[in-house]
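Paired with chain B in one complex and with chain C in the other, chain A is shared by the two complexes that follow.
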Partner chain A sequence: MTNKAKLQNLIQDVFLLTSEEFRFDLKRSEVETWDSFGVVSMAVGVQQTFGYHFTPEEATSIQGVDDIIKVLTSKGMAFD
Partner chain B sequence: MLLREMNDLSRWHLSGCDAYRAVWPAFSEAQSFAELPFLHVGVFKHRIWRTSGEGIAHQRTLKSSSTSGTSSQIALDGRSGALQAQSSAAILKDLLGADQRPLLILDDVKSLQQRGEVSARVTAAMSLRPLSNEMHFLLSGSENAQSLDWNKVGEMCAKSPRLLVYGFTWMLWMGWAQGTIPDEVRAALAKTQVFFVHSGGWKKLEAMKVSREQFDGALCGLCAPGSGVLDFYGLVEQVGIIYPLCSAGFRHVPRWASVIVRDPWTMQPLINEPGMLQLMNPLAFGAPYHNVLTEDMGRMVEGDCECGRTGQRFELLGRMPKAEVRGCANV
Partner chain C sequence: MILLHEQNVHHDPSRLSTAWAESETFALLPEKLSVSEEWLEQSLNLVPRELHRDHFIMLTSGTTGQPKLIVGNRARSEKLVHVLHDRQDSELVQETISMLPLSYTYSFVNQWLWSHVMQRRFITTHGLADPKSLKASLQAACDAMICLVGVQVPLLMTHLAGERFEGVIRVHFAGGRFPQEKMDDLRAMFPNAQVFNNYGCAEAMPRLTIRSAEEASEAANIGHPLCGIEMRSDDHHAILFRSPYGAVGVVEAMKFTAITPNDWIPSGDLGEMNDDGSWRLLGRASEVFKRHGEKVSLAALTTTVSAAWSGQCAFYREADRTGEDGCVLVLAPEATNDAIKPVLMALRKHHPRAQWPLRIENVPTLPLLPNGKTDVRALPSLANKSTLWQQHI
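Right after this comes the complex of A and B.
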């Protein structure tokens, strides 16, 4: 499974989204469940799926799926 | 100062919550904490109270873990949440220090993944976030203490010489103290300083005849010297204010909160006598849970504490007779 597919599964799982609701340009402000508890859930999910643990500052500064990809890409993961 | 804030906050709720105004239609100003309008904790089981006003955006509903089938439900909001997070962090830093360390939580990460709701357990665990630099959920199944991921514990022992662990009291006992710990993890724990923080109630352990000394000894005995256990009392109806047990056996009230004890028959405030605990704080804007009469018994104690802290303190004495056995009150 590609990293993109893994991330899509993770985001859908963490934020209780259907595949129709998911987009790679989805913003935090569009997702009801992406609140402070959602931030923690997402950070734990990223750690479990990709082995990278967001710093608390990184986790709270992420404003959309594209920001997650940017951080993980900067850590050497490919999302093409 | 605090009395003035509580008067202002009471008027805020009277202005923004019709149901609250219906309960206290004639209130204008209190001259003492005992005169302030309050609600009994039981009313939060029957409706979700909400106060509307400028800057208030309601978020998830915090649900207590009831043993009766009916949970208390508190409407959280961002403005109060920010203050409540600062409050609980300040209280915990006073006892645990400000340095950050990995936080291991006896819960399933799926407890965070609920639309519109959050549990008392997750909320209590999140109060430790400011003291953590990373967070891991140890259970697969939120009620399955035996599903504890010992491999993760071992991994974190190898990574950090100090760990913070949070769990409901009974879960720490069943899952950790009574758990089957692999030998290599047991060896790693013996070299790791662990601070266990727990809340949620002693009822299940009382039924199993487990004393506080046994509980603390079983947890700390597995870990390096300097490890400790912190038991805190808190209610979902007072989110943001927690009352850890001090070394002298008392609960200290932060400067930004107040507690009174009332005679259950006359409702008069009592000092040095047991009665019903009433808890208040100025941190709740989204619903009128700023001042609640609990079903817990306590005794206000005058004078400075042996532990060195000053200010209000009380002794928690248990549930009021015939009160419902609650899942999230640490009695």
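Right after this comes the complex of A and C.
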């Protein structure tokens, strides 16, 4: 499974989104369930799925799926 | 004191009639004893001598509680039968088909004792343990009453799918959540039946309230108290009752406690009275907790899940890795990850994240107690379960 597919599954699981609702340019403001507990859950999910632990600053600054990709890409992971 | 074993009574219900006619108190014991012979003997010895005549004793374990002996008074229970007969509009009913163990106070009072007092036919079956035989009994039904627990409905719809049983004219539910969302299926299967939601507990021996399916639209509504029964809730919403038909004593943890007419007895549920005097359940006292400061009601979650899932569902409590209280949802029968999407969407729509289960597990079938209720204590250690979804915590 590609990193993109893993990330899509993770985001859908964490925020209870359907595949139709998911987009890679989805913003936090568009997702009702992307609340403070959702941020924590997303960070734990990223750590469990990709092995990278967001710093608190990174976790709170993420405003959309593309921001997650940017951080993970900067750590050497490919999302092509 | 006479000991009656369910397996013997099932084959020959006249043994119960004989025991009821004699003055010596008898104990009706389930086929599978959840207690040791020693526990039983010691507990029975704690029943005061003055209750050794004209009473009867049932053994109950509940879904999460400790085993206890409940002592009922025969005259009180016969009075309750007459009250139920009127409130359940049972004059037209000519027979009752037993689908639950008789050691369950619901089945014992609402079916066997009713048939005995009202002189109607009592028909035993092995319930859903033998669907073929049950189907034959239901097809042969003639103005019959059946008593079910809600968790049996998915099984009924699976084993007897597409069947119509026109001879069943009363369908009662008790002993768990009322399957309000399954009414269309039930009406298709029992087209001539009035359906009732009955509420009570073993200490009530067993009935406190009743309503017809049409009287309310939400499963949590349990209707009005029966004539003569008083109900109130305390500051924590625990339901308390006083009943002229209720048990007169309980043996629990090697101690006999008499129940007097002045005692307010907890039913074990949380609830509140509606403006019209009917009552609404908020959950079991043990099934409401807080997670991240948010109140979580397993009853409310069950309502949500049941509307999105046609199979069986149950919850058990578990703390997450941070020590925060949570719950795990168990679904049956076996399903794919895609099949639970409606459940996840329903959780998202109706509940904040703090109320979502920690994970969703899947088993072929839920473990049941002899009384037909889900064996909640067995859920955490089931060997054949898979995880369909989980929160990242």
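We adopt the following convention: the second predicted complex is superposed on the first by the 80 of 80 C-alpha atoms of A that agree within 3 Å, B and C clash if a C-alpha of one lies under 4 Å from a C-alpha of the other, contacts with A are read in each partner's own complex, and residues count from 1 in each chain.
Everything below uses one rule, namely that a residue touches a chain if its C-beta (ideal position, glycine included) is under 8 Å from a C-beta of that chain, and two chains touch if they have at least 3 such contacts.
None of the values given here were measured: they were computed from a predicted structure.
After superposition onto chain A, the modelled positions of chain B and chain C overlap sterically.
Of the two partner chains, chain B and chain C are each touched by A:37. When both complexes are overlaid on chain A, the residue A:64 reaches neither chain B nor chain C. Put chain B and chain C next to each other and count what each touches on chain A; the higher total goes to B. Contacts of A:18 after superposition on the shared chain: chain C is touched, whereas chain B is not.
By the touch criterion stated above, A:56 is placed in contact with chain B alone, chain C being left untouched. Among the candidate segments 26-34, 44-52 or 62-70, the part of chain B whose C-alpha atoms clash with chain C in the superposed model is 62-70.
Shared contact residues of chain A, touching chain B in one structure and chain C in the other: 13-14, 16, 32-33, 35, 37-38, 40-41, 44-45, 48.
Listing the residues of chain A that touch chain C in their complex gives 10, 13-14, 16, 18, 32-33, 35, 37-38, 40-42, 44-45, 48. The touching residues of chain A, counted against chain B in their complex, run 13-16, 32-33, 35-38, 40-41, 43-45, 47-48, 53, 55-56.
Note for the complex: chain C touches chain A at residues 292, 341, 344-345, 347-348, 352-354, 356, 389-393.
Contact residues on chain B toward chain A in their complex (touch as defined above): 59-60, 81, 109, 112-116, 118, 122, 126, 129, 133-137.
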